[in-house]
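Below are two complexes that have subunit A in common, paired first with subunit B and then with subunit C.
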Partner chain A sequence: MALIRWNPARELANFPNEIFNLQREINRMFDSFFRGWRDEEETSLAQWSPAVDIAEKDDAYIVKVELPGVEKDDVKVTLESNVLTIRGEKKFEKETKKENYHRIERCYGSFNRSFTLPSTVKSDKIDATYKDGVLTITLPKAEEAKPKQIEVKVK
Partner chain B sequence: MMVRVAYPNIFDELIEEFFTPALDVTPTVYPAIDILENDAATVVVAEVPGVKKEDVSLKYENNVLTISGERKPYEIPQDARILLNEMRVRKFTRSIEIPHDVDAEKITAEMNNGVLRVTLPKAEVARTRTIEIK
Partner chain C sequence: MTALVPYTPTALTRYEMNERVVPPVTDIYETADSFVVKLDLPGATKESIKLQVEPRKLVVQSSITADESMNLLYSEIGRKRYYREFNIGDGINVEGIHASFEDGVLTITLPKTDEMKAREIKIQ
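Presenting the complex of A and B:
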(Lines of atoms letter the chains of each structure in order from A and count residues from 1; the text may use other names and numbers.)
(Lines give C-alpha, C1' and ligand atoms only; values in the text may rest on other atoms or scores of the structure.)
Protein backbone atom coordinates (compact mmCIF):
# COMPACT_ATOMS: atom_id res chain seq x y z
CA MET A 1 0.00 0.00 0.00
CA ALA A 2 1.34 3.38 -0.97
CA LEU A 3 1.28 6.23 1.43
CA ILE A 4 -0.73 9.17 0.24
CA ARG A 5 -0.07 12.59 1.53
CA TRP A 6 -3.05 13.94 3.39
CA ASN A 7 -4.60 16.78 1.54
CA PRO A 8 -7.01 18.78 3.68
CA ALA A 9 -8.48 20.45 0.61
CA ARG A 10 -9.65 17.11 -0.78
CA GLU A 11 -11.25 16.21 2.49
CA LEU A 12 -13.04 19.50 2.37
CA ALA A 13 -14.18 18.92 -1.19
CA ASN A 14 -15.80 15.65 -0.12
CA PHE A 15 -17.52 17.23 2.80
CA PRO A 16 -20.76 18.25 1.05
CA ASN A 17 -21.11 14.72 -0.28
CA GLU A 18 -20.76 13.31 3.17
CA ILE A 19 -23.48 15.61 4.36
CA PHE A 20 -25.76 14.64 1.49
CA ASN A 21 -25.19 10.98 2.14
CA LEU A 22 -26.00 11.41 5.76
CA GLN A 23 -29.11 13.35 4.90
CA ARG A 24 -30.22 10.71 2.42
CA GLU A 25 -29.70 8.08 5.03
CA ILE A 26 -31.70 10.00 7.59
CA ASN A 27 -34.47 10.62 5.08
CA ARG A 28 -34.63 6.95 4.32
CA MET A 29 -34.87 6.10 7.98
CA PHE A 30 -37.67 8.58 8.45
CA ASP A 31 -39.48 7.33 5.36
CA SER A 32 -39.47 3.80 6.62
CA PHE A 33 -40.59 4.92 10.06
CA PHE A 34 -43.54 6.75 8.67
CA ARG A 35 -44.43 4.07 6.19
CA GLY A 36 -44.56 1.63 9.04
CA TRP A 37 -46.56 4.00 11.12
CA ARG A 38 -49.09 4.70 8.38
CA ASP A 39 -49.66 1.03 7.63
CA GLU A 40 -50.11 0.33 11.28
CA GLU A 41 -52.59 3.13 11.68
CA GLU A 42 -54.69 2.01 8.75
CA THR A 43 -54.94 -1.51 10.04
CA SER A 44 -55.79 -0.42 13.56
CA LEU A 45 -58.43 2.02 12.39
CA ALA A 46 -60.11 -0.42 10.09
CA GLN A 47 -59.49 -3.92 11.39
CA TRP A 48 -56.70 -5.73 13.04
CA SER A 49 -55.74 -9.34 12.84
CA PRO A 50 -54.84 -11.31 15.91
CA ALA A 51 -51.88 -13.69 15.71
CA VAL A 52 -52.93 -17.30 15.24
CA ASP A 53 -51.23 -20.66 15.71
CA ILE A 54 -52.71 -23.82 14.20
CA ALA A 55 -51.55 -27.32 14.98
CA GLU A 56 -52.88 -30.56 13.56
CA LYS A 57 -53.01 -33.83 15.41
CA ASP A 58 -54.17 -37.14 14.00
CA ASP A 59 -57.56 -36.68 15.59
CA ALA A 60 -57.97 -32.90 15.97
CA TYR A 61 -57.00 -29.37 15.03
CA ILE A 62 -55.89 -26.98 17.71
CA VAL A 63 -56.26 -23.28 16.94
CA LYS A 64 -54.82 -20.64 19.26
CA VAL A 65 -55.67 -16.97 18.91
CA GLU A 66 -54.00 -14.10 20.75
CA LEU A 67 -56.76 -11.89 22.08
CA PRO A 68 -55.36 -9.89 25.00
CA GLY A 69 -57.90 -7.69 26.69
CA VAL A 70 -60.84 -9.01 24.70
CA GLU A 71 -63.86 -9.98 26.76
CA LYS A 72 -65.05 -13.56 26.30
CA ASP A 73 -68.49 -12.35 25.29
CA ASP A 74 -67.03 -10.18 22.55
CA VAL A 75 -65.61 -13.14 20.62
CA LYS A 76 -67.63 -15.27 18.24
CA VAL A 77 -66.39 -18.54 16.80
CA THR A 78 -68.34 -20.09 13.93
CA LEU A 79 -67.86 -23.07 11.65
CA GLU A 80 -69.57 -23.19 8.32
CA SER A 81 -68.77 -25.88 5.78
CA ASN A 82 -65.21 -26.37 7.05
CA VAL A 83 -64.51 -22.64 7.32
CA LEU A 84 -63.63 -21.62 10.84
CA THR A 85 -64.22 -17.94 11.56
CA ILE A 86 -63.13 -16.08 14.65
CA ARG A 87 -64.51 -12.59 14.88
CA GLY A 88 -65.12 -10.05 17.53
CA GLU A 89 -64.22 -6.70 18.88
CA LYS A 90 -61.71 -5.26 21.26
CA LYS A 91 -63.37 -2.29 22.81
CA PHE A 92 -61.57 0.87 23.71
CA GLU A 93 -62.90 1.95 27.05
CA LYS A 94 -62.01 5.10 28.80
CA GLU A 95 -62.36 4.71 32.50
CA THR A 96 -62.91 8.30 33.35
CA LYS A 97 -63.13 11.41 31.29
CA LYS A 98 -60.24 12.90 33.18
CA GLU A 99 -57.48 10.88 31.65
CA ASN A 100 -55.04 11.62 28.93
CA TYR A 101 -53.52 9.02 26.72
CA HIS A 102 -49.84 9.57 26.09
CA ARG A 103 -49.40 6.56 23.91
CA ILE A 104 -51.66 4.00 22.27
CA GLU A 105 -49.95 1.06 20.67
CA ARG A 106 -52.56 -1.59 21.29
CA CYS A 107 -54.98 -2.26 18.47
CA TYR A 108 -58.66 -1.75 19.03
CA GLY A 109 -61.78 -2.39 17.04
CA SER A 110 -63.16 -5.35 15.19
CA PHE A 111 -61.20 -8.34 14.01
CA ASN A 112 -62.03 -11.21 11.77
CA ARG A 113 -60.06 -14.24 10.68
CA SER A 114 -61.18 -17.25 8.68
CA PHE A 115 -59.49 -20.53 7.94
CA THR A 116 -60.52 -23.36 5.70
CA LEU A 117 -59.87 -26.59 7.51
CA PRO A 118 -58.31 -29.29 5.36
CA SER A 119 -60.73 -31.96 6.54
CA THR A 120 -64.15 -32.28 8.12
CA VAL A 121 -64.55 -31.91 11.86
CA LYS A 122 -67.19 -32.92 14.34
CA SER A 123 -68.97 -29.61 14.54
CA ASP A 124 -70.85 -30.56 17.71
CA LYS A 125 -67.65 -31.44 19.56
CA ILE A 126 -65.79 -28.17 19.12
CA ASP A 127 -64.42 -26.83 22.35
CA ALA A 128 -63.15 -23.31 23.05
CA THR A 129 -61.43 -21.96 26.14
CA TYR A 130 -60.09 -18.50 26.89
CA LYS A 131 -57.18 -18.11 29.27
CA ASP A 132 -54.52 -15.44 29.79
CA GLY A 133 -55.63 -13.61 26.67
CA VAL A 134 -55.32 -16.66 24.44
CA LEU A 135 -58.34 -18.38 22.91
CA THR A 136 -57.81 -22.10 22.30
CA ILE A 137 -60.21 -23.91 19.99
CA THR A 138 -60.06 -27.69 19.70
CA LEU A 139 -61.81 -29.20 16.69
CA PRO A 140 -61.96 -33.01 16.69
CA LYS A 141 -61.76 -34.53 13.22
CA ALA A 142 -64.70 -36.47 11.86
CA GLU A 143 -64.21 -40.23 11.77
CA GLU A 144 -63.76 -40.38 8.02
CA ALA A 145 -61.04 -37.75 8.17
CA LYS A 146 -58.84 -39.58 10.63
CA PRO A 147 -55.90 -41.40 9.15
CA LYS A 148 -56.52 -45.13 9.00
CA GLN A 149 -54.03 -47.87 8.86
CA ILE A 150 -55.00 -50.39 6.29
CA GLU A 151 -53.28 -53.61 6.30
CA VAL A 152 -52.54 -54.89 2.85
CA LYS A 153 -52.05 -58.55 2.54
CA VAL A 154 -49.32 -59.47 0.19
CA LYS A 155 -49.90 -62.78 -1.47
CA MET B 1 -19.79 5.33 7.32
CA MET B 2 -23.31 4.10 7.63
CA VAL B 3 -25.17 4.38 10.84
CA ARG B 4 -27.65 1.58 10.71
CA VAL B 5 -29.50 1.02 13.87
CA ALA B 6 -31.20 -2.30 14.23
CA TYR B 7 -34.59 -0.81 14.83
CA PRO B 8 -36.60 -1.64 16.88
CA ASN B 9 -34.57 -3.98 19.04
CA ILE B 10 -32.09 -1.33 19.96
CA PHE B 11 -34.95 0.94 20.93
CA ASP B 12 -36.28 -1.74 23.23
CA GLU B 13 -33.11 -1.46 25.19
CA LEU B 14 -33.20 2.29 25.48
CA ILE B 15 -35.28 4.17 27.91
CA GLU B 16 -38.19 5.44 25.97
CA GLU B 17 -39.15 9.03 26.11
CA PHE B 18 -42.59 9.67 27.39
CA PHE B 19 -43.96 11.79 24.60
CA THR B 20 -42.84 10.14 21.42
CA PRO B 21 -45.84 8.66 19.72
CA ALA B 22 -45.07 8.15 16.04
CA LEU B 23 -41.71 6.48 16.27
CA ASP B 24 -42.81 3.77 18.61
CA VAL B 25 -46.04 2.86 16.91
CA THR B 26 -44.68 -0.09 15.04
CA PRO B 27 -45.99 -3.63 15.06
CA THR B 28 -42.58 -5.01 15.92
CA VAL B 29 -42.33 -3.45 19.35
CA TYR B 30 -43.30 -6.06 21.89
CA PRO B 31 -45.26 -5.87 24.01
CA ALA B 32 -47.62 -3.16 22.77
CA ILE B 33 -48.34 -0.64 25.49
CA ASP B 34 -50.79 2.13 26.23
CA ILE B 35 -49.87 4.87 28.65
CA LEU B 36 -52.47 7.02 30.26
CA GLU B 37 -52.36 9.61 32.96
CA ASN B 38 -55.02 10.95 35.27
CA ASP B 39 -54.91 13.30 38.24
CA ALA B 40 -53.79 10.61 40.62
CA ALA B 41 -51.59 8.25 38.64
CA THR B 42 -49.97 7.12 35.44
CA VAL B 43 -51.16 3.76 34.19
CA VAL B 44 -49.09 1.58 31.87
CA VAL B 45 -51.03 -1.14 30.09
CA ALA B 46 -49.15 -3.89 28.25
CA GLU B 47 -50.49 -6.72 26.12
CA VAL B 48 -48.86 -9.96 27.16
CA PRO B 49 -51.09 -12.77 25.91
CA GLY B 50 -50.05 -16.25 26.94
CA VAL B 51 -47.53 -14.94 29.46
CA LYS B 52 -47.80 -16.23 32.99
CA LYS B 53 -47.76 -13.89 35.94
CA GLU B 54 -44.65 -15.52 37.37
CA ASP B 55 -42.78 -14.94 34.11
CA VAL B 56 -43.11 -11.16 34.30
CA SER B 57 -40.96 -8.88 36.41
CA LEU B 58 -41.44 -5.22 37.13
CA LYS B 59 -38.86 -2.77 38.33
CA TYR B 60 -39.16 0.88 39.18
CA GLU B 61 -36.02 2.87 39.63
CA ASN B 62 -35.10 6.53 39.07
CA ASN B 63 -38.48 7.31 37.50
CA VAL B 64 -38.14 4.46 35.03
CA LEU B 65 -40.53 1.53 34.94
CA THR B 66 -39.07 -1.60 33.37
CA ILE B 67 -41.33 -4.42 32.30
CA SER B 68 -39.50 -7.57 31.39
CA GLY B 69 -40.38 -11.18 31.05
CA GLU B 70 -40.62 -14.16 28.86
CA ARG B 71 -43.26 -15.59 26.67
CA LYS B 72 -42.67 -19.30 27.04
CA PRO B 73 -43.82 -21.79 24.45
CA TYR B 74 -47.02 -23.63 25.25
CA GLU B 75 -47.14 -27.40 25.24
CA ILE B 76 -47.85 -29.05 21.95
CA PRO B 77 -48.89 -32.71 21.83
CA GLN B 78 -46.18 -34.95 20.51
CA ASP B 79 -48.01 -36.05 17.40
CA ALA B 80 -49.00 -32.52 16.37
CA ARG B 81 -47.82 -30.78 13.23
CA ILE B 82 -47.66 -27.01 13.14
CA LEU B 83 -49.67 -25.59 10.25
CA LEU B 84 -49.45 -21.93 11.17
CA ASN B 85 -47.25 -20.14 13.65
CA GLU B 86 -47.71 -16.42 14.15
CA MET B 87 -47.40 -16.09 17.90
CA ARG B 88 -44.05 -14.89 19.00
CA VAL B 89 -42.28 -16.66 21.79
CA ARG B 90 -39.57 -14.48 23.17
CA LYS B 91 -38.03 -12.56 25.97
CA PHE B 92 -39.00 -8.94 26.22
CA THR B 93 -37.99 -5.76 28.00
CA ARG B 94 -39.45 -2.31 27.81
CA SER B 95 -38.51 0.69 29.90
CA ILE B 96 -40.75 3.69 30.24
CA GLU B 97 -39.78 6.97 31.78
CA ILE B 98 -42.48 8.35 34.05
CA PRO B 99 -42.54 12.15 33.83
CA HIS B 100 -43.49 12.77 37.43
CA ASP B 101 -42.47 11.60 40.86
CA VAL B 102 -44.10 8.37 41.89
CA ASP B 103 -45.17 7.11 45.27
CA ALA B 104 -43.12 3.98 44.75
CA GLU B 105 -44.53 2.19 47.79
CA LYS B 106 -48.01 2.31 46.29
CA ILE B 107 -47.31 1.00 42.80
CA THR B 108 -49.75 -1.78 41.97
CA ALA B 109 -49.89 -4.26 39.12
CA GLU B 110 -52.47 -6.75 37.95
CA MET B 111 -52.80 -9.18 35.10
CA ASN B 112 -56.10 -10.02 33.52
CA ASN B 113 -56.98 -11.62 30.17
CA GLY B 114 -53.40 -11.31 28.96
CA VAL B 115 -53.18 -7.63 29.84
CA LEU B 116 -50.76 -6.28 32.41
CA ARG B 117 -51.75 -3.08 34.11
CA VAL B 118 -49.31 -1.12 36.24
CA THR B 119 -50.61 1.84 38.23
CA LEU B 120 -47.99 4.33 39.38
CA PRO B 121 -49.58 6.81 41.81
CA LYS B 122 -48.26 10.32 41.68
CA ALA B 123 -46.20 11.46 44.61
CA GLU B 124 -47.86 14.15 46.68
CA VAL B 125 -45.63 16.84 45.15
CA ALA B 126 -46.59 15.81 41.62
CA ARG B 127 -50.36 15.86 42.03
CA THR B 128 -52.47 18.40 40.28
CA ARG B 129 -53.72 21.04 42.62
CA THR B 130 -56.25 23.75 42.09
CA ILE B 131 -54.99 26.99 43.49
CA GLU B 132 -57.49 29.48 44.66
CA ILE B 133 -56.79 33.13 44.02
CA LYS B 134 -57.56 35.24 46.97
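Presenting the complex of A and C:
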Protein backbone atom coordinates (compact mmCIF):
# COMPACT_ATOMS: atom_id res chain seq x y z
CA MET A 1 0.00 0.00 0.00
CA ALA A 2 1.59 3.21 -1.13
CA LEU A 3 -0.50 5.69 0.84
CA ILE A 4 -0.68 4.66 4.46
CA ARG A 5 -4.12 4.64 5.97
CA TRP A 6 -4.53 7.10 8.81
CA ASN A 7 -4.34 5.42 12.16
CA PRO A 8 -5.46 7.56 15.11
CA ALA A 9 -3.51 5.50 17.62
CA ARG A 10 -0.26 6.01 15.76
CA GLU A 11 -0.83 9.74 15.52
CA LEU A 12 -1.20 9.93 19.27
CA ALA A 13 2.23 8.37 19.64
CA ASN A 14 3.67 11.57 18.21
CA PHE A 15 2.26 13.48 21.15
CA PRO A 16 2.42 16.44 21.84
CA ASN A 17 2.84 17.59 18.23
CA GLU A 18 -0.23 15.71 17.17
CA ILE A 19 -2.45 17.13 19.87
CA PHE A 20 -2.37 20.40 17.94
CA ASN A 21 -3.46 18.60 14.80
CA LEU A 22 -6.29 17.08 16.74
CA GLN A 23 -7.30 20.47 18.04
CA ARG A 24 -7.15 21.82 14.50
CA GLU A 25 -9.37 19.04 13.23
CA ILE A 26 -11.92 19.69 15.95
CA ASN A 27 -11.86 23.42 15.24
CA ARG A 28 -12.45 22.70 11.60
CA MET A 29 -15.33 20.40 12.40
CA PHE A 30 -16.96 23.16 14.41
CA ASP A 31 -16.28 25.74 11.69
CA SER A 32 -17.82 23.68 8.96
CA PHE A 33 -20.74 22.68 11.15
CA PHE A 34 -21.66 26.24 11.99
CA ARG A 35 -21.09 27.43 8.46
CA GLY A 36 -23.55 24.88 7.17
CA TRP A 37 -26.00 25.63 9.94
CA ARG A 38 -25.98 29.36 9.39
CA ASP A 39 -26.39 28.96 5.68
CA GLU A 40 -29.44 26.78 6.06
CA GLU A 41 -31.20 29.79 7.51
CA GLU A 42 -30.26 31.96 4.57
CA THR A 43 -30.71 29.58 1.66
CA SER A 44 -32.00 26.08 1.92
CA LEU A 45 -30.86 25.34 -1.63
CA ALA A 46 -27.14 25.69 -0.96
CA GLN A 47 -25.22 22.45 -0.74
CA TRP A 48 -22.04 24.14 0.38
CA SER A 49 -21.04 27.71 1.00
CA PRO A 50 -17.66 29.22 0.26
CA ALA A 51 -15.81 31.27 2.89
CA VAL A 52 -16.07 35.04 2.51
CA ASP A 53 -14.21 38.14 3.69
CA ILE A 54 -15.78 41.58 3.38
CA ALA A 55 -13.55 44.62 3.67
CA GLU A 56 -14.15 48.33 3.45
CA LYS A 57 -11.91 50.84 1.75
CA ASP A 58 -12.43 54.59 1.48
CA ASP A 59 -13.96 54.30 -1.95
CA ALA A 60 -15.20 50.72 -2.18
CA TYR A 61 -16.32 47.53 -0.52
CA ILE A 62 -14.29 44.45 -1.36
CA VAL A 63 -15.84 40.99 -1.17
CA LYS A 64 -13.49 38.00 -1.39
CA VAL A 65 -14.89 34.55 -1.98
CA GLU A 66 -12.84 31.34 -1.84
CA LEU A 67 -13.77 29.27 -4.88
CA PRO A 68 -10.85 26.94 -5.61
CA GLY A 69 -11.24 24.72 -8.63
CA VAL A 70 -14.38 26.43 -9.88
CA GLU A 71 -14.58 27.32 -13.56
CA LYS A 72 -14.92 31.06 -14.16
CA ASP A 73 -17.95 30.46 -16.37
CA ASP A 74 -19.70 28.46 -13.64
CA VAL A 75 -19.84 31.44 -11.26
CA LYS A 76 -22.65 33.96 -11.42
CA VAL A 77 -22.64 37.25 -9.53
CA THR A 78 -25.90 39.17 -9.46
CA LEU A 79 -27.18 42.29 -7.75
CA GLU A 80 -30.89 42.55 -7.21
CA SER A 81 -32.45 45.26 -5.07
CA ASN A 82 -29.23 45.64 -3.02
CA VAL A 83 -28.76 41.92 -2.47
CA LEU A 84 -25.47 40.64 -3.85
CA THR A 85 -25.65 36.96 -4.71
CA ILE A 86 -22.78 34.69 -5.65
CA ARG A 87 -23.90 31.35 -6.95
CA GLY A 88 -22.54 28.62 -9.12
CA GLU A 89 -21.50 25.05 -9.32
CA LYS A 90 -18.31 23.13 -8.79
CA LYS A 91 -18.33 20.08 -10.97
CA PHE A 92 -16.93 16.75 -9.94
CA GLU A 93 -14.24 15.49 -12.29
CA LYS A 94 -15.83 12.95 -14.55
CA GLU A 95 -12.77 11.15 -15.79
CA THR A 96 -12.09 9.31 -12.54
CA LYS A 97 -14.44 6.71 -11.20
CA LYS A 98 -15.65 7.17 -7.66
CA GLU A 99 -14.35 3.84 -6.42
CA ASN A 100 -10.79 4.97 -7.10
CA TYR A 101 -11.07 7.67 -4.46
CA HIS A 102 -9.24 7.19 -1.18
CA ARG A 103 -10.35 10.46 0.35
CA ILE A 104 -12.84 13.19 -0.60
CA GLU A 105 -12.81 16.31 1.54
CA ARG A 106 -13.32 18.99 -1.07
CA CYS A 107 -16.84 20.27 -1.69
CA TYR A 108 -18.70 19.70 -4.93
CA GLY A 109 -22.09 20.74 -6.22
CA SER A 110 -23.93 24.02 -6.20
CA PHE A 111 -23.16 26.89 -3.86
CA ASN A 112 -25.00 30.07 -3.04
CA ARG A 113 -24.32 33.07 -0.82
CA SER A 114 -26.13 36.36 -0.53
CA PHE A 115 -25.35 39.64 1.20
CA THR A 116 -27.36 42.79 1.66
CA LEU A 117 -25.34 45.79 0.60
CA PRO A 118 -25.56 49.31 1.92
CA SER A 119 -27.72 51.20 -0.56
CA THR A 120 -24.84 53.50 -1.37
CA VAL A 121 -23.08 51.39 -3.99
CA LYS A 122 -22.59 52.25 -7.65
CA SER A 123 -24.38 49.20 -8.95
CA ASP A 124 -23.28 49.79 -12.56
CA LYS A 125 -19.57 49.91 -11.64
CA ILE A 126 -19.26 46.56 -9.87
CA ASP A 127 -16.23 44.61 -10.96
CA ALA A 128 -15.28 40.97 -10.33
CA THR A 129 -12.02 39.12 -10.97
CA TYR A 130 -11.09 35.49 -10.43
CA LYS A 131 -7.49 34.61 -9.60
CA ASP A 132 -5.80 31.69 -7.81
CA GLY A 133 -9.12 30.31 -6.63
CA VAL A 134 -10.35 33.57 -5.12
CA LEU A 135 -13.16 35.67 -6.56
CA THR A 136 -12.73 39.35 -5.69
CA ILE A 137 -15.73 41.62 -6.15
CA THR A 138 -15.16 45.37 -5.96
CA LEU A 139 -18.22 47.49 -5.22
CA PRO A 140 -17.44 51.19 -5.55
CA LYS A 141 -19.18 53.41 -3.04
CA ALA A 142 -21.56 56.08 -4.27
CA GLU A 143 -20.29 59.64 -3.87
CA GLU A 144 -22.42 60.40 -0.83
CA ALA A 145 -21.03 57.41 1.05
CA LYS A 146 -17.35 58.39 0.75
CA PRO A 147 -15.81 60.00 3.81
CA LYS A 148 -15.62 63.76 3.47
CA GLN A 149 -13.65 66.29 5.41
CA ILE A 150 -15.62 69.34 6.37
CA GLU A 151 -13.88 72.33 7.77
CA VAL A 152 -15.81 74.26 10.31
CA LYS A 153 -14.92 77.89 10.82
CA VAL A 154 -14.70 78.93 14.41
CA LYS A 155 -15.91 82.44 14.97
CA MET B 1 -3.41 62.28 16.35
CA THR B 2 -3.57 61.38 20.03
CA ALA B 3 -5.45 58.29 20.97
CA LEU B 4 -7.77 59.41 23.70
CA VAL B 5 -9.67 56.17 23.82
CA PRO B 6 -7.72 53.13 24.95
CA TYR B 7 -7.46 50.57 22.19
CA THR B 8 -9.60 47.51 22.81
CA PRO B 9 -9.42 44.88 20.14
CA THR B 10 -12.81 43.56 19.16
CA ALA B 11 -13.45 39.90 18.51
CA LEU B 12 -12.97 40.50 14.80
CA THR B 13 -9.64 42.28 15.05
CA ARG B 14 -8.31 39.62 17.38
CA TYR B 15 -9.30 36.96 14.87
CA GLU B 16 -7.75 38.88 12.07
CA MET B 17 -4.47 39.47 13.92
CA ASN B 18 -3.87 35.82 14.68
CA GLU B 19 -2.62 33.91 11.73
CA ARG B 20 -4.22 30.49 11.75
CA VAL B 21 -2.61 27.34 10.42
CA VAL B 22 -5.14 25.63 8.20
CA PRO B 23 -4.80 22.13 6.78
CA PRO B 24 -6.07 22.39 3.20
CA VAL B 25 -8.94 20.07 2.26
CA THR B 26 -7.71 17.22 0.11
CA ASP B 27 -8.97 14.64 -2.36
CA ILE B 28 -6.86 11.55 -3.06
CA TYR B 29 -7.54 9.16 -5.88
CA GLU B 30 -5.74 6.40 -7.67
CA THR B 31 -5.25 5.82 -11.38
CA ALA B 32 -3.64 2.84 -13.09
CA ASP B 33 -0.14 4.26 -12.81
CA SER B 34 -0.24 6.92 -10.09
CA PHE B 35 -1.82 8.44 -7.02
CA VAL B 36 -3.24 11.94 -7.43
CA VAL B 37 -3.53 14.35 -4.48
CA LYS B 38 -5.61 17.50 -4.95
CA LEU B 39 -5.49 20.29 -2.37
CA ASP B 40 -7.57 23.45 -2.20
CA LEU B 41 -5.22 26.38 -1.63
CA PRO B 42 -7.33 29.45 -2.43
CA GLY B 43 -5.35 32.68 -2.22
CA ALA B 44 -1.98 30.98 -2.56
CA THR B 45 0.23 31.63 -5.58
CA LYS B 46 2.48 29.27 -7.50
CA GLU B 47 5.48 31.03 -5.93
CA SER B 48 4.18 30.89 -2.35
CA ILE B 49 3.60 27.13 -2.30
CA LYS B 50 6.37 24.99 -0.86
CA LEU B 51 6.20 21.31 -1.67
CA GLN B 52 8.76 19.11 0.04
CA VAL B 53 9.41 15.42 -0.34
CA GLU B 54 11.04 14.04 2.76
CA PRO B 55 11.82 10.40 3.39
CA ARG B 56 8.36 8.81 3.64
CA LYS B 57 6.69 12.20 3.96
CA LEU B 58 5.19 14.81 1.66
CA VAL B 59 4.84 18.31 3.11
CA VAL B 60 2.70 21.03 1.52
CA GLN B 61 2.72 24.55 2.87
CA SER B 62 1.94 28.04 1.73
CA SER B 63 1.72 31.46 3.24
CA ILE B 64 -0.83 33.97 2.02
CA THR B 65 -0.08 37.63 1.66
CA ALA B 66 -2.98 39.50 3.16
CA ASP B 67 -3.69 43.12 2.33
CA GLU B 68 -3.12 44.70 5.74
CA SER B 69 -4.61 48.03 4.71
CA MET B 70 -8.07 46.52 4.40
CA ASN B 71 -10.57 47.19 7.12
CA LEU B 72 -12.40 43.92 7.55
CA LEU B 73 -16.12 44.16 8.23
CA TYR B 74 -16.77 40.45 8.18
CA SER B 75 -14.28 37.62 8.11
CA GLU B 76 -14.36 33.91 7.54
CA ILE B 77 -11.07 33.67 5.65
CA GLY B 78 -8.94 36.00 7.78
CA ARG B 79 -5.19 35.58 8.02
CA LYS B 80 -4.01 32.06 7.48
CA ARG B 81 -1.23 29.79 6.40
CA TYR B 82 -1.65 26.35 4.87
CA TYR B 83 0.15 23.28 6.19
CA ARG B 84 -0.44 19.58 5.68
CA GLU B 85 1.66 16.42 5.77
CA PHE B 86 1.09 13.12 4.03
CA ASN B 87 2.76 9.79 4.64
CA ILE B 88 4.35 8.17 1.64
CA GLY B 89 4.73 4.43 1.76
CA ASP B 90 6.57 2.01 -0.49
CA GLY B 91 5.66 1.74 -4.11
CA ILE B 92 5.95 5.43 -4.99
CA ASN B 93 8.52 6.61 -7.48
CA VAL B 94 9.66 9.60 -5.44
CA GLU B 95 11.84 10.97 -8.27
CA GLY B 96 8.82 11.17 -10.54
CA ILE B 97 6.55 13.25 -8.25
CA HIS B 98 5.30 16.35 -10.03
CA ALA B 99 2.76 19.08 -9.28
CA SER B 100 0.74 21.81 -10.95
CA PHE B 101 -1.28 24.73 -9.59
CA GLU B 102 -4.39 26.06 -11.27
CA ASP B 103 -7.36 28.09 -10.01
CA GLY B 104 -6.31 27.66 -6.39
CA VAL B 105 -5.99 23.88 -6.65
CA LEU B 106 -2.64 22.11 -6.25
CA THR B 107 -2.51 18.77 -8.04
CA ILE B 108 0.32 16.44 -7.01
CA THR B 109 0.91 13.29 -9.04
CA LEU B 110 2.81 10.48 -7.34
CA PRO B 111 3.73 7.81 -9.89
CA LYS B 112 3.63 4.21 -8.78
CA THR B 113 6.72 2.05 -9.09
CA ASP B 114 6.51 -0.73 -11.64
CA GLU B 115 5.97 -3.31 -8.87
CA MET B 116 2.88 -1.41 -7.72
CA LYS B 117 1.18 -1.25 -11.09
CA ALA B 118 -1.47 -3.77 -11.98
CA ARG B 119 -0.14 -6.47 -14.28
CA GLU B 120 -1.83 -8.97 -16.37
CA ILE B 121 -0.49 -12.50 -16.03
CA LYS B 122 -0.47 -14.56 -19.16
CA ILE B 123 -1.91 -18.03 -18.78
CA GLN B 124 0.59 -20.61 -19.95
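By our rule, the second predicted complex is superposed on the first by the 104 of 155 C-alpha atoms of A that agree within 3 Å, B and C clash if a C-alpha of one lies under 4 Å from a C-alpha of the other, contacts with A are read in each partner's own complex, and residues count from 1 in each chain.
Here, contacts are C-beta pairs under 8 Å (C-beta built on N, C-alpha and C of every residue); 3 or more make two chains touch, one makes a residue touch a chain.
No experiment lies behind these values; they were computed from the predicted model shown.
When both complexes are overlaid on chain A, the residue A:K153 reaches neither subunit B nor subunit C.
Once the two complexes are overlaid on the shared chain, A:N100 sits against subunit B and subunit C alike. When the shared chain is aligned, subunit B and subunit C each come close enough to touch A:V134. According to the touch criterion, the shared surface of subunit A, contacted by subunit B in one complex and subunit C in the other, consists of residues 25, 51-57, 61-62, 64, 66-71, 96, 100-107, 130, 132-134. Only residues 1-4, 21, 24-25, 28, 35, 51-57, 61-62, 64, 66-71, 96, 100-107, 130, 132-134 of subunit A touch subunit C when the two sit together in their complex. The touching residues of subunit C, counted against subunit A in their complex, run 21-23, 25-31, 35-36, 38, 40-45, 67, 69-78, 86-92, 103-105, 110, 112, 116. By the touch criterion stated above, subunit B contacts subunit A in their complex at residues 2-3, 7, 18-19, 21-27, 29, 32-39, 43, 45, 47-52, 74, 76-77, 79-88, 111, 113-115.
Per the touch definition, subunit A reaches subunit B in the complex via residues 25, 29, 33-34, 36-37, 40-41, 51-58, 61-62, 64, 66-71, 96, 98-107, 115, 130, 132-134.
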